[in-house]
Amino acid sequence: MFDSFLALLKRDLLLALRRRSDIFTVLFFFIIVVSIFPLGISFEKAVLQKIAPGVVWVAALLASTLALERIFANDYADGTLEQMLLTPQPLSVLVFAKTLAHWLLTGLPLVLIAPLAGLQYHLSASTIGTLMLVLLIGTPILSMIGAIGAALTLGLRGGGILVSLLVLPLYIPVLVYGSGAIEAAMQGDVSLQPYYLLLLAFLLLALVFTPLATAASLRISVE
Amino acid sequence: MSEFFAMGGYGFYVWSSMGMVLFLMLLEPIVLKIQHRSLLKNIQRQKRRQASKH
Amino acid sequence: MTLSVNQLQCSRGDICLFEGLTFELTAGQLIWLEGKNGSGKTTLLRSLCGLFLPDAGTIKWKGELTRSTEDTFYKDLFYLGHQNALKLDLNPVENLQVLSRLAGESVSEEQADEALSRFGLSGYEETPVRKLSQGQQRRVALSRLLLSKASLLILDEPFVALDAAAVELLQSVIVTQVEQGGMAILTTHQALPIPEEKLIRVSLDRYV
Amino acid sequence: MAINWFKYSSPSSFYPLAGKMIPVFMTLAIVLIMGGLYWGFFETPDVLSDQKQYYRIIYVHVASAWMAMWLYVVMVAWAVLGLIFNTRMSYMMASATAITGAIMTALSLWTGAFWGQTSWGTWWDWDPRMTSQLILLFLYIGYIALQSAIEDNRRSDRASAVLAMVGLAIVPVIYYSINCPDPNECASLHQESSLKRVESNILIAMLVVTAGFWMYCFAVILMRVRNIILLRESHTQWVERLEVKK
């Protein structure tokens, strides 16, 4: 079972390398969204620091929903998804491989580019460290929950907008505690431990349950 | 009777909430009734068209 | 090793395609599935594979319900629908290796090259599938047949978009599969050089 | 006598049954709501602790808020039944419930805004209960949007069933995250619900109005499910034999 997991993961990463532009579109979208907020609100240091956690997280949410459609759409179009359904391996393992590949290509780059956003918003070094760590825990949850929406809206015209309509309400807990953690970090005296515990709890719950829901949704959509 | 409608000066708020409740709870059944009748009419028309075809 | 279908009923939308469909397929036999367009041939094949949930009826492989023993059933199953299941950005060898790895078997590069050359694709092993013609892409998809150890083949219109040589080769592959104790179900408008006693004709037109 | 539930799980037998039940529920709804409101307006004191006459909005606000939450659970229950027994009727009930649930949520937000304006002076302040109603509305809208985006009934039923179940699974986490955004000094999760300190007459009125809302929702959902049956079963014989009058 494990080698087909690896094979699928390697295949997806190989495909992404062959079509490198896809990776950067999500990254640039994130950077642009983060950068236009100051133009719309204000350039003052105090204001920017105040809105930084919320803006970075909302931008991460939007960037993640933007890229969700891509997880299964290509495989659905060329028929490889059907072959994935017909393998002896449990479908949730293969779905987890695809979601992991999607996170490596869209979620992880967000984490790596977060310092850039942090500097734009005059965040201190330690806050940027917390920002990256919180994003590192939060973005996989977004990809996993988003994969359910992507599987449900497979092959629908206008599926991209529909996915964000379905999954954004489900992202709210991650948004609340993600941005809350960074705010707490900026205050300095508040302990961050409860935030990390909650986010890690969401991550574990998502790891256990979302592949099953995504697999069931795929079987329904591919019919 | 009029002080009833005044509702201690808050009549506007009380009656606009009640009004919306009344409005929606009348609108929904009426719309469903209309839909129901038009669906039945379509089925009858479909039946007549098939009957005339044979 | 038998595939037994009992009182199968499938519907698309709210229209019933067929009901009460019962047949059995044992080793060394081939089912030629016929029926006019839209009679549900593809739906039947997909429900046999477990891709489509039938309304009623049971499908058993080696006496077990396929729905409950998917891991063993899928080890023996090879399904090819209208789509080629190939990634256009990968080259044929990579495609074959990934697909066989997914099916739980591992294929070396030499085996893949040999299968591709038997289907007249020698020299195209490294070119991305995107650059191949429609017929060549179909032959890459069909060359998976040579690499698969599946005992049950389910093929939906396999001869479409193939030239005479490829049709010839595919027929011989199917015939050897049936003779070596394998099984096949396929829909096609081509005549099949299968001896009469090994051939079962199932038509969907009388099941509605 | 063992009730054969599955007898009513086929649309053709459920359609006439629903037809007979709708007038019963509708009259019950009217009686209960009118009675409850009359009791609430005339048998209760003019002032409730510091809140003056406007507190009467809570009858409809609380009733619609409860209905909004309950109908989501009912919808998921029908969806789960549909997935388990693969009966079309259950899926139809689920999609019939969704729209009424969305209307109830919108009503609770509308009345809540008026309630907020009178007691807190703002049309909308991000009070945890009101925010959860807003998010509940988004979940309903997501469900309805997915249902209408998929043409094939089979897939849209089962896909929206999965979405509703995922939504229900995440709703408690959403509710927790809104009620307690800062886990360090998390406000007591269960703010004392407004029921305990409420004077009994008002409580009676509120419960009667809520019962009325329940009856109304049954009636309306059954009406909509009959329309869905007609829509989906239009090609069957039993539908063609229906006369126009019923």
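Each chain carries a letter (A, B, C and D) given by its place in the written order, and its residues are counted from 1.
Here is the rule we go by: contacts are C-beta pairs under 8 Å (C-beta built on N, C-alpha and C of every residue); 3 or more make two chains touch, one makes a residue touch a chain.
Predicted model, so just to flag it, every value in this text is computed and none were measured.
Chain centroids computed from C-alpha atoms place A closest to the centre of all protein C-alpha atoms shown. Interface comparison, C-D versus A-D: the higher count of C-beta contacts falls to A-D. Our note on geometry: chain C versus chain D, Cα centroid distance of 48 Å, whole angstroms.
Mean C-alpha positions place chain A and chain D at a centre distance of 32 Å. For this pair, chain A with chain B, the centres built from the Cα atoms lie 43 Å apart. Centre-to-centre, using mean CA coordinates, chain A is 37 Å away from chain C. Residue numbers of chain B whose C-beta contacts span two or more other chains: none are found.
In chain A, the residues touching two or more other chains are 223.
Contact with two or more other chains is made by residues 53 of chain C.
Inter-chain contacts occur between A-C, A-D, B-D, C-D.
On the side of chain D, the complex with chain C involves touching residues 86, 152-154, 232-233, 235. Those residues of chain A that touch chain D in the shared complex are 145, 148-149, 152-153, 156, 158-159, 162, 165-166, 168-170, 172-173, 176-177, 180, 184, 190-191, 194-195, 198, 202, 209, 213, 216-217, 220-221, 223. Listed in rising order, the residues of chain B touching chain D in the complex are 4, 7-10, 13-14, 16-18, 20-21, 24-25, 28-29, 32-33, 35-37, 39-44, 46-47.
Residue ranges on chain A touching chain C, taken from their complex, read 3-4, 7-8, 11, 14-15, 18-19, 74, 78-80, 82-90, 94, 219, 222-223. By the touch criterion given at the top, residues 26, 37, 41, 46, 52-54, 56-57, 60-61, 64, 100, 103, 106-107, 110-111, 114-115, 117-118, 216, 219-220, 223-224, 226-227, 230-231, 234, 239-240, 242, 244 of chain D touch chain B in their complex.
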